[in-house]
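There are two complexes below, and they share subunit A, which is joined by subunit B in the first and by subunit C in the second.
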Partner chain A sequence: MTNTESAENEGLLVRRIRNGTVIDHIDGGEALNVVKILGITGTTQESLSIATNVPSRDMGRKDIVKLANRELSKEEVDRIALISPRATINIIRNFKVCEKKGVETPSLIEGLVRCPNPGCISNTNEPILSKFRVTPKGLHCCYCDWVIAKDVPGHII
Partner chain B sequence: MTNTESAENEGLLVRRIRNGTVIDHIDGGEALNVVKILGITGTTQESLSIATNVPSRDMGRKDIVKLANRELSKEEVDRIALISPRATINIIRNFKVCEKKGVETPSLIEGLVRCPNPGCISNTNEPILSKFRVTPKGLHCCYCDWVIAKDVPGHII
Partner chain C sequence: MIDSITGGELPTRHIISIGDFDRNEIDRLLDHAGQIDNKNYDENALRGKILAALFFEPSTRTRMSFESAMARLGGTSLSVGSIEACSMAKGETLADTIRVVSGYADAIVIRHPKEGAARLAAEFSTVPVINAGDGAGQHPSQTLLDLYTIRQSMPIDGIDIALIGDLRYGRTAHSLAFALSLYNARLHTISPKGLELPATLAAELAGRGMEIIEHDDIGEVISEVDALYMTRIQRERFPDSASYFNVSSNYRITPELLARAKRHLIILHPLPRVDEIDPRVDESSHARYFEQSRNGVPVRMAMLMQVLQ
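Right after this comes the complex of A and B.
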């Protein structure tokens, strides 16, 4: 890649936003899973910009997601750590970065992923949200002890 | 919105690509469904740029998808018509638009959506691809006559 092309790519990656959230340093190729984990699927009203697998000096390849007019809550931000622990979050107000933070792996996630065990009480008609402890081995169901060891995005409700 | 802001948005929507496909004039909010219909879901190796709900003089709001290093085939392009019939396709080579075309609704789609009828032969273990005729009323299963009248993206395999 020439310097010119690299500069062009860097300059024009995705539009600037006046207000909202920029999620940067997402693991290469994981942006669609990040928007899914934020509850953005199918037809959307959100003003969203996404770039995947762009060259990054530190990471080789990375993804970027910009979400206009929405500041993500700590709970939403930390869910991203489940699939992309190096992600950084920038809150933008009037084109300026007002807050910059990392993502912290949550210890407990409720109502985000479906337990793969069909017999789990969280899969019945009972009004019970799924609940998982986040452990080094994966997501551990608090009800039936099932462990989701891989493909967390594939289990998002 | 001021003129400056509008110009900025237009200028910086998503990065230019050297080679690949630009899908423009996607109905506002449908970009994630468009990438799904192209078979791009979850973790991806594709170099993708997406912008949703950007202001458009003709359409009010529109979405744009750019896909680097991949020229879509006619079959892939026409599938987009199922969810966004006004979409336009630009094939880019060395930063120049080499081909510009609309999308044509296909008359038959095979292996793209799952028949909602659990008893349909396309849902058994038989080696049979789903097959639907595209009619004004929706997608008509060639095997069991079930009609998918809405939410085509929700039925994509």
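Right after this comes the complex of A and C.
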């Protein structure tokens, strides 16, 4: 069976990529937040394909993000764990999966999320990045102890 | 002591949050304060050491007691005259101020209106930083002297304590509640609507095994508790004076109310008080707030010795 036939049989919604990163097993509906957490906007250069609410045997439904010509770093990959801890990362080189890895929840995230506490020193002109410890209850601001318990994507800088 | 950011040992001995202490560390520090209180200390322990007092918010007791503590140990204190006179009024960042002041002193005590300011100061300082209050955040020296004052009258373990007043914005109440969770205390809270203990803190305390009971008025608990911790309800939290007076009159300790109290009940207040404690209570055997204020000196002496020796 050729690769193309295989793809048709598996019902792929978007084309395979030659080089880049495929983020699979994203929780259904979270793909756009994954894109946001990676800092990808309409003005950045990536070639991006997104499939949402794809039927999944294990997850019921899942999202997939394909990012051509960009291999995500470990730090970028681990950010994804904040919103979709079951996601898997496939690094593609010349149409082949060269690396396959899960995401690991980072213990500390810096400069990614803004503290919602308007009185927090991290929301001033001080020369610091926001810092949050990742805890079971949510993201804990290292400066003012505020906890972001939900809607992490809504606080991304 | 553990750095809450890195999880590792703090390379310099800062005192930022009561949450950085474990029970043993608190007990050791209070024991040391007790020795100091009994005049068992070296009056030249900090001779030649300089404390920089950076107070970006008004303070009377905290600032004077730190300066007194330093003087009693043979050290000296530096401070800027007023907030308007310091370089931050010219737009300097706190980070830069701290880097500069680190070069002038052996330790920095800081009060700042922004939460987390002391943690930031510790990141940029080359000398120990002591947090003397950061916004609605932490005020560890107040908590330590509160615990010290309770311990003078009774063992802290398992006490029933009522926190009364502004529990939403009152940093002293937050820090004390957190510390008391290390001592299996039972917390009773009495506060006006809208000024209750923040839900996140209440959940965290409950998660640490603390029993928290909310009450509508002080009369419900006055006969049950071992300690009352009063906090000032600030007028600016209310839309107008009438609603402030209406609420604040319900959160007032009077001799009549105390008639039903346990004999050993103690009343604490971080001060300044306005109307929340009737002056007639000052003479009662329950009043401890002036002693509490005085305890700021030996407790802060112990803190200074911990970070500077």
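Just so it is clear, the second predicted complex is superposed on the first by the 145 of 157 C-alpha atoms of A that agree within 3 Å, B and C clash if a C-alpha of one lies under 4 Å from a C-alpha of the other, contacts with A are read in each partner's own complex, and residues count from 1 in each chain.
Everything below uses one rule, namely that contacts are C-beta pairs under 8 Å (C-beta built on N, C-alpha and C of every residue); 3 or more make two chains touch, one makes a residue touch a chain.
Note that the coordinates shown come from a computational prediction; the quantities given were computed from them, not determined experimentally.
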{"item": "Partner chain in contact with A:Asn19 - subunit B first, subunit C second, else both or neither", "value": "neither"}
{"item": "Touching partner for A:Ile40 - first (subunit B), second (subunit C), both, neither", "value": "first"}
{"item": "Contacts of A:Asn53 with subunit B and subunit C, given as first, second, both or neither", "value": "first"}
{"item": "Contact breadth on subunit A, by residue count: subunit C or subunit B", "value": "B"}
{"item": "Which of subunit B and subunit C A:Asn90 touches, first, second, both or neither", "value": "neither"}
{"item": "Doubly contacted residues of subunit A, that is, touched by subunit B and again by subunit C", "value": "none"}
{"item": "Residues of subunit A touching subunit C in the complex", "value": "107-108, 117, 119-122, 124-128, 131, 133, 137, 141-147, 149"}
{"item": "Residues of subunit B defined as touching subunit A within the complex", "value": "5, 8-9, 12-16, 18, 29-33, 35, 40-54, 153-154"}
{"item": "Contact footprint of subunit A on subunit C as seen in their complex", "value": "4-5, 7, 17, 19, 93-95, 112-117, 119-120, 123, 134-138, 200, 204"}
